[in-house]
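I am attaching a structure below and will ask some questions about it afterwards.
Chains: A, B, C and D, in written order; residue numbering restarts at 1 for each.
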Amino acid sequence: MHQVIQAVILGLLIGGVYALMASGLTLVFGIMRVINVAQGALVILAAYLSYALFSHAHVDPFLSVLIVTPAMFVLGVLVQIVFVRSLRGDDAEELSLLVTWALALGIEGVLSVIFKTTYRATSPSYADKTLTVFGYQVQFVRLMAFVGSAALLLVLSLLLTRTKFGRAVRATVQNPTAATLLGVDANRVQTLSFGLGVSMAAAAGAVYGVIYPFNPGSHYDLISRLLSIVVLGGLGSLGGAVVAALVMGVTEAVVAVEWQPTWASFSYFIVLIVVLLIRPQGIFGVRERAL
Amino acid sequence: MSRTPARLAAVAAAGTLVAVAATAATAGATRAGAGPIKIGISLSLSGDFSDSGKAAQRGYKLWAKVANSHGGVLGRKVQLVIQDDTSSPTQAQTNYQNFITKDKVDLVFGPFSTLLTAPSAAVANRYGYAFIEPAGGGPAVFQEKLHNVFFTQPAPVLQSADVFVKFLSSLPKSQRPKTAAYPSLDDPFSSPIADQVRALLQKKGVKTVYKTIYPSETTDMGPVIQKAASKHPDAIIGGTQNGDAYAQVKAMVQQKFSPKFVFLTNGPNDPAEFPSKVGAKNVNGIFSTGDWFPQEKSFGNAAFVKAYVKAYGGSSATIDPSSAEAFAAGQLVQEVAAKTKSIDNKTVISTLHKGTWKTVEGNLRWNSIGEPQGSDLLMEWIGGKLYPVYPKALALHKPLVPKPGWGSK
Amino acid sequence: MTRNGLLRGGAFVAAGIAFPLLFNAAWLVNIGILTLMYAALAVSWNLFSGFTGYITLGQVAFFGLGAYSLGITFEHFGIGSGYNPFYVLPIVGACVAFASLPVAWIALRTRAMTFAIVTLTLLFIVQQLAFNLHSLTHGSSGLMLPTPTTFGVDNYDRPFYYAMLGLVLLALLICWGILRSKLGLMLLSIREDEEKARGLGIRVTGTKLVAWWLHVFVTAMVGGVWAYYLTFIYPESSVDPLVMIGAVLMTFLGGRGTLWGPVVGALVLVPAQQYMLIHLGGSQLYLVGYAAVFMVVLLVLPRGIIPSIRDGVVRTRERQRTRGGAAKAAV
Amino acid sequence: MTALLEIDGLTKRFGGVTAVDACSFTVPAGSVTALVGPNGSGKTTAFNLITGYARADAGAVRFDGAAVRRPDPIRLARSGLTRTFQQARIFPDLTLVENMVAALQQPWTSVFTRAVRRPERERALELLDEFGIARLADERAGNLSYGQKKLLEFAAVLMGDPRLVLLDEPTAGVNPVLVDQIEERIRELNARGLTFLVVEHNMNLVMRLCDPVVVLAQGTKLAEGRPDEVRNDPRVLDAYLGG
């Protein structure tokens, strides 16, 4: 039992970081019906940026979030303008899937030229510190990562509910046509939200590098998790993504401890398929038909 | 309107044929003869295996450079034909097809990784080429029972940790571990080795208290180590690659779990990276294996290390063993040529099957399917440095047993 | 139109059959095999995604399943060597295709974007199965298939070449048949407006499943031939996202939803890729280059070569026609 | 007069808004029933609920005497209830004839038969001729004018020999000549026994053509009856003028 609870704690902490990455993905989908397959690669890119800042300029990885996130926001805006916005036609959404995949390959390629393919890890001095709470071990960096992710998710939700930009975003999510009629500049909202989605990846990525070793190819594993999180939560649903991320974290951690680590991520895919069997729109998804 | 695609397809097809035919014509023109000795090598210069692929490339190129500065082989210059296989077995196989049937190279050397060597060796075998290969030591390569394969390391991958078992047996009974846990990576070069060690140790009465295989994308060793620690084993014996080995050590440090023996097949054997990844104070007493060591007194090793540092910079500690393995492949060809005055593939194959051959990797000899019959080195971190500690003849330091606690000298 | 189609098909078949007889250097036949392999994959990707509009990102999962199924059949049923494995292929393909139906059914209940994602997860599911079902697949150590000894050395590659050629032709034949049949009409109406199609009483899910079955059937057989040719497979190589991206790229380059587009794409790209690898290899920019080509095709030529040229021709003809009409009117 | 379609207590809420509120009416067999009401009164939503494009929160639908549980467009179309859409929806990349044949419900056994068989083509041409667009039979449907697309959509749903056709604003955005043609087609088909349920804004047309007329306002039924009854109902006038 002790081990199960320990695993649940671990899973929740990890799930929080995944929730942050997935939030960007689902937000972008909600606004422009674009699945950013490069989200995983952008996370890894951010992890490398933070790694480089740490190893060359000794910037603390948690502080580097403040540098990496705005930089990646700009990158996200550029990507949206150059690659995503230029897609036209009725199958622009499907094409975006492939364009962002190509982008992911490109990022992987560039990273492996610059950083090679060996695994890296950002290891600040406190990387190995462990806290013991009620007999359960909690790694300090994971706790930090979780708290940081939760804080950023809170900021994101405040941004969406309390600001003018947030209202424009939510209006666009609910009804793009109506939002345009109400004077929302759709292009601007889309570009900024894409940047915002990428910054979520960036913030999570800087943190990711501290808790996990990574290499340029790590994005495949990441994106498969992120995509199944957003599908499980319901495409476009922020709350759904958070819940699904926590479900994934806990499922994997418990299966790894109680059964076998090799079946951990498989078990999560099974959860996904079963949920889709019952609710094709995901846990919090809205059933919609293109009429 | 529907005629256009037809024309287009025809043009495309014709274009391909013409291009292909043109290359075919030029390819036929270059024939083996008195020109340079051409050696075809497919290497992973991009993709998953590219780091090791490039290390092997450095070794091959260094050998060619050294050989050519001494007048080449049999009076002919050595020319390496290196092709990127993007870490894909399909491309590796294609590359060897090209080397043999298009470029008509004199010899071929192996690619990096068993996963690419296995399908490539079959191609070489079909055309009667010797397949001297530095990095394909997994069971899949030998499973085909090919007579043309020569693996240029002291022991097949599966037996690479046998040296650790021998070392444990050499200890006084009271010092030997009684229980062991085996957390291993699901990788052809990791978990099978741990399985092999487990089988041997069990025969010698070491109880297996825990065994698990984790997938390669597992980056979090916390739960695995936690579970292993809860069984209080005397030894942690992990079939690992670098990343997960670092993570295992970190998890042990975090959980303040310090068993008497820690043996990890890969990871701790990287003299430059390991201390930086797990902290220099946490390395002592950790065992690993190696097929090669910079200070090894093997044939031509001192010269190799010197030439390597001169050509690529760095220090002897930063030389990837893959470079030495590749270098050894070249040494073998030189020795066969010196002995038989021929580099004909048939001669190379039959000659290498007889006797022992001196290389930077030590003295090598093979059975009929190319499995080397020697033993790897047991390495241990002592006083913040990595030393070969067993077998005694090659040891540079006395082994340290048991492992000191984390953070101690 | 039919006569042109016959001519076109006949020319392709003739060229395909003649190629290894004219150019019998093994390396050329080898590149031929790769080209045909990608052509077959592209045509069968197009067979589902091009005709239904549902983008599947999981095709290579079935390529891998086919490869492993054949490998496992080898090991456990002793299907012998030589030509025998080729005869087993259709059974392997059909089994994999039937096995894929339940998952496809679940995935097809979701919307197009979700569908794409669910199919992408299939890739990881199959790869994990290949890793974890150790007793069947030997996990990460890989599965060895026996090297056929009866094919000789000089023309060793030919049987594989003709097997791949046969699969391309089969895939083309299926597409051609679909385009002429009620199934094609139904698929095209689904692609154009699925909700409307439902309103007309077209059984959309069943129709898509038929196309799905056919595309998996061909894909799995291609995987089988590839495995037999390579003689050694492992999880990452048999479920390699790059292989599928290649097939998708070729389909987009040639033209989605057209019969010959994917073949044209493969004929252009595979030799080009090999050429680039030989002449620009080692520059480490392979992956970046791949991504760049893909990006350019998607952004500049999203409809592909064949439709773009077709449009161009139609436009010129219309211009000529109107000009002719204007001239007449002037007279 | 037996009812071909019976709607009972149909309700649909979107968030806080009740789009269709306990709506009940019947479509008598052989009638041309009109469903009218001001913009936003829930007519199209009601159509979607009846044809299974949206799931009702409450209410029952009976078609031809049998309860339709979980309405599904495919099953309904195959049992003879079909519809058109407000924005003419056709398959633009198919030819007119292909559009027509695609609308023929096929058994599984004919999936691998020729796309357009001779008798099917003849039937399609016949219907296209009735709608006056037979000369465009082999054009791409996407090249048609908006009005022609509406005609094509109308013609296509007839291919499956339906018993009840739901027309969603058949004359909206169509020029007057075509409006007359559409009216004529509805009359003639109705004379041959086909039942219609029509959503229409052109009140003159409704008054000429339809009986009975059902009036919706804010999701509920306001009135139901003969055209002249409904026209003189003060509540209806209120709804239109006040709404």
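As a working rule, contacts are C-beta pairs under 8 Å (C-beta built on N, C-alpha and C of every residue); 3 or more make two chains touch, one makes a residue touch a chain.
Fair warning: this is a prediction, and the values are worked out from it, not measured in the lab.
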(message) Let me check something: if the centre of a chain is the mean of its CA atoms, which chain is farthest from chain C?
(response) D
(request) Could you quickly compare B-C and C-D and let me know which has more C-beta contacts? (result) B-C
(request) Could you give the separation in Å between the centres of chain B and chain C, each centre being the mean of its C-alpha atoms? (result) 36
(request) Could you tell me the distance, in whole angstrom, between the mean C-alpha positions of chain C and chain D? (result) 42
(message) Using Cα averages as centroids, what's the distance between chain B and chain D in whole Å?
(response) 72
(message) Based only on mean CA positions, could you tell me how far chain A sits from chain D in angstrom?
(response) 46
(request) At least two other chains touched by the same residue of chain B: list those residues. (result) 46-48, 50, 186, 215
(request) Quick one: which residues in chain C touch 2 or more of the other chains? (result) 128, 131-132, 195, 242, 284-287
(request) Note the residues in chain D that touch 2 or more other chains, in rising order. (result) 53
(request) Using the touch rule from the top, collect the residues of chain B that touch chain C in their complex. (result) 1-6, 8-10, 12-13, 16-17, 19-21, 24, 27, 45-48, 50, 82-84, 86, 88-91, 93-94, 97-98, 100-102, 114-115, 118-119, 122, 126-127, 138-140, 143-144, 186-188, 191-192, 215-216
(request) Could you please specify the touching residues of chain C with respect to chain A in the complex? (result) 53, 55, 57, 103, 106-107, 109-114, 116-118, 120-121, 123-125, 128-129, 131-132, 194-195, 241-242, 245, 248, 252, 284-292, 294-295, 298-299, 302
(request) Can you check the complex and tell me which residues of chain C touch chain D? (result) 177, 179-186, 188-189, 192-193, 195-204, 206-207, 210
(request) In the complex, go through chain C and note every residue touching chain B. (result) 1, 4-5, 7-8, 11-12, 15, 19, 23, 25-28, 30-31, 34-35, 128, 131-132, 139-142, 144, 147, 153, 156, 226, 230-234, 236-237, 240, 242, 255, 258-261, 263-264, 267-268, 271, 274-275, 277-278, 281-282, 284-287, 305-306, 309-310, 313-314, 317
(request) Quick one: which bits of chain B touch chain A in the complex? Just the residue numbers, please. (result) 46-51, 186, 212-215, 217-220, 222-224, 226-227, 230, 242-243, 246-247, 250, 253-255, 273, 277, 279
